[in-house]
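Next come the structures, one after another.
Two complexes are shown next, each including subunit A; its partner changes from subunit B in the first to subunit C in the second.
And then the complex of A and B:
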């Protein structure tokens, strides 16, 4: 309380200043500003997160939660022996493994191609971006029809499979991948296009004088400049695609024979159909661990320090 | 070797408003080992001309030769030129060493040791030997400028191209780098084409100056020539700081009549003007440093002192009479009072008379018009 003694008679000291010293006051004001977000964060993120962890350690009684019994890691042990979980995990990995490279590759090619000020490039930019504004239900319905009997996709690709792709154990997942890439690539294209347009044109001129061809310019100038944007695209799309649910829900109901049942879809079944909330929470937590691992791996592989 | 021949070169852009001619039928010879500066206001086409020499812009018409090779269709890296950009254009993800060796790695088959030696020698010469492992973002503006120049030097090109390389530096550093660049160019004896909008840079650094306006060459000459004998009003106005005084005048008998003054000139001078003039409307021009504040001349002009500017060794007097304003440079020791009436004379040997319509200098001595052809005599 030294500040109180230092300021004696000449100026008035408010009660607020008497009670707290300077650094405490700053902390309190800071907390006050952060409070609205912290409140939302606590209610909608922190509490569910902890509740989920708590649930995953219980045999959860859906109707009377107080009668739930603590089972320790039993749900996780069951998970490891559950073929449906492994199937869902494998399907999810298959989906992510196809979708993310396609999205990154296609959006990068589009961004590099449309960077030039050509006639019509604005129109194409708009067209490529536009699917992203649709909701998953619209996208799902459009593509379910495309791939239905007599649909456009089925007509042209009918020789590949018997019936329709969504009824084919092998082709259902690729059909969902195509749907997703069509829906999402436009957004990442916009991100990468912005990054590409941030590269100073002068550098390419300097490189031309230095004798660099298109490949060297791409490798030595474009790619290093776009590294952070690419990292973002890879991580963001990975995290998003790992949580795929709407497309299989709308297009295949996880079928045929579970071939498009993904982790979140499996989670949905456990939660809303068989009401195994404790076990479902364990699946959810496993997904969380996978996502954190994927993000960490990306950071390590691509690196983030940008001098 | 590094002779550049520019023959009737044109550059046209298509825009919504029709075709824009950025460079209009320019012919010019740059001598081997010469330091040639292209100067002009923004939009005059000077950078475009430089970029055409570099190969960064297509040539709409005409021909550019470096030594005896027509380079119109030769890729930039094969022209034997190296360029220093206004914003340096250093590769931000590479160290100084990588920046400097990049071109050598791509365009020569020098071994790693030889490249390393050349980069280190050049860095030493540029005073950046201790910065080789740093990234450009960690360098000051002046250091980046040195790296950019070093990157050009290490290529050992036939021609250096400089595109306003000093305009991003503060005044003091700019002054320093000016002499530094001159020293290096003289040492290497490499042809240099230097673009700037700063006439002081052009005057102090160049062997010869090209003054460009609206895509056409106004005058080519040594700094002394373009200063003393500007071929037209544009050059007279552009070169010199503060710029030349201009007055609308007419000539009757041997007297120049302005709005608020008249001034008698020698009849020999008057007859030259009359001989070359195409109309009666003339513009009289005289530089502030050439007006003499005394009463010894055959005729004098008087005006009132509005503003006195001290610049150390010199004082600048801003005088007026009616609507006519005069800028006069006097010695720093001379004392004047505000509101004082100052009497001065205009030495005829420093008078310029321009055609009001065409801007052409009517009294430039024969042979000093420094037209394009006279510059084609290679040294």
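And then the complex of A and C:
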């Protein structure tokens, strides 16, 4: 059996070798292995990316795309004049600005605390990390209940607002921030815990012999050694939180009076409720430019820090 | 006398800085755990509280009466949740398999084969890290519509299968597999396909498991995209299904919370079984693991 297989093998290989020289063969085999990924990448990423740019320059007709009219940069001009866009941008920045520092702070406390040997640390780790495996709809609906009439948040913090936080222009966004921190902090906690565990313990022993207190050890040893992991947490969570959608969609529908409408929510409404696809594509592109800018800025900052 | 000694040493210990520090540490860590646990407790508590208690309003931590009627209803009488779980499981499994297959193939091609242009292709893939999935949804929606894939599993599986993360992780891992193994195999007349399937893949089980687990959970939990491309009850995934249940049962928190608990259960079990693997897969992404 195996000898038959071997002969067939040799024959195919030799014919294959006659047809192409070595480097062509390597190229063909290489492309063959790369092809499935590249096909998906081209069709579902590169093509929509170009099509989005094209759509954003048109008044797009969804049912009959051939009837779309070219409008140049009009969609972008309209975007810059749309107060709803500026409102969504401002709300998103407000959300990111509150969420990211809280996530960094809480996940750092969790990681540093759990790095000490505690009784029950496995159970603690399970509790902190577990919200991360929940889908946003479960998270959003549970917390909408927590902040509804008769929910925990409203019961104990009710003196802060009239009615419920989700009906308050001022408190709706903080409520969404709390929800998000509960959902996401565990993920970054896991990242920071590993980073903390990678700091060599002998550095702390040496510092203790020098009489350094906990604050000095934190500032001079822990922070510098965890710098890259902390940067990762800041960058990754900023980019992720910038695309917040599910929490406002489920908890406030963007309200009250647009106070929790974020950029992706705004994009969703244009695309899938009012069906202004050309204008929506322009919003998508603007969002893309903002996020690429944020990423590029981060890479530059991280790059210069490494030198 | 001896009693006084013990008391003395106990006060000594309580005033000792290290001990105070440990007490504070336990208080903070367990206090946060309690806070983190409250939403879970409320979900469970409300799911077993009878409507008669809920409709009175008021607040309590422990329900005065218990009932598992709603659990029974969704587990036995109205099995729509099973249908959604089946849809979600099918989509997440196919997505995971597809991602592992195409990512490992291209990573193999880039690291273990030698052909012109592979560096440029890797650079383009890595650059796509900067393009967040959501910014593309409008053109992607028209594409899925043109392909006639609306309301199908494929509408959810295909669009985000070619992501950069898996390629990034696998390229790094494959690069570190020693050349010697492969050279010996080539001398034995192994084809590239056999080297990929018999040598590289088996050696990469740990990273493939970690990546697979991550992709599975990510796919299972997708929300915005399925919300856009699915509009048929029978095809809903769990994340979308629970939202429709909430909308029709707005006045029955016990129904809502039961459906949320049921929808969360599968991944909770996965997490219980693979806690360490999952946490290390998170750490791997940040390069800290």
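The criterion applied here is as follows: the second predicted complex is superposed on the first by the 266 of 307 C-alpha atoms of A that agree within 3 Å, B and C clash if a C-alpha of one lies under 4 Å from a C-alpha of the other, contacts with A are read in each partner's own complex, and residues count from 1 in each chain.
Everything that follows uses one rule, which is that a contact is a pair of C-beta atoms (placed from the backbone, for glycine too) under 8 Å apart; a residue touches a chain by one contact, two chains touch by 3 or more.
None of the values given here were measured: they were computed from a predicted structure.
Under the clash rule set out above, the superposition-derived model of subunit A with subunit B and subunit C shows the two partners fitting side by side. When the two complexes are overlaid on their common chain A, residue A:281 makes contact with subunit C while staying clear of subunit B. Put subunit B and subunit C next to each other and count what each touches on subunit A; the higher total goes to C. Once the two complexes are laid over each other on the shared chain, residue contacts for A:224 go to subunit B alone; subunit C is not touched.
In the superposed model, A:216 lies in contact with subunit B only, and not with subunit C. Looking at the shared chain after the overlay, A:135 reaches subunit C, while subunit B stays out of its contact range.
Of the two partner chains, subunit C is the only one touched by A:246; subunit B is not. Once the two complexes are laid over each other on the shared chain, residue contacts for A:205 go to subunit B alone; subunit C is not touched.
Put simply, the nearest alpha carbons of subunit B and subunit C end up 12 Å apart when the two models share chain A. Note for the complex: subunit A touches subunit B at residues 200, 202-203, 205-212, 216, 220-221, 224-225, 307. Every residue of subunit A that touches subunit C in the complex is listed here, in rising order: 9-10, 13, 23, 26-27, 29-34, 36-38, 40-41, 43-45, 47-49, 51-52, 55, 62, 65, 106, 109-110, 113-114, 116, 118, 122-138, 141-143, 145-146, 149-152, 155, 182, 187, 190-195, 198, 214, 228-229, 232-233, 236, 239, 242-243, 245-246, 250, 264, 267-268, 271-272, 277, 280-281, 284-285, 287-288, 291-292, 295-296. On subunit B, the positions that touch subunit A within their shared complex are 54-56, 75-77, 81-83, 85, 87, 89-94, 102-103, 106-107, 135, 137-138. Contact residues of subunit C toward subunit A in the complex are 21-22, 25-26, 28-30, 32-33, 36-39, 42-43, 46, 57-59, 101-103, 105-106, 108-110, 113-116, 118, 121, 125, 128-132, 134-143, 158-162, 167, 189, 191-192, 196, 217, 220-224, 228, 238-240, 242-243, 246, 253, 256-257, 260, 263-264, 267-268, 270-272, 275, 278-280, 282-283, 285-289.
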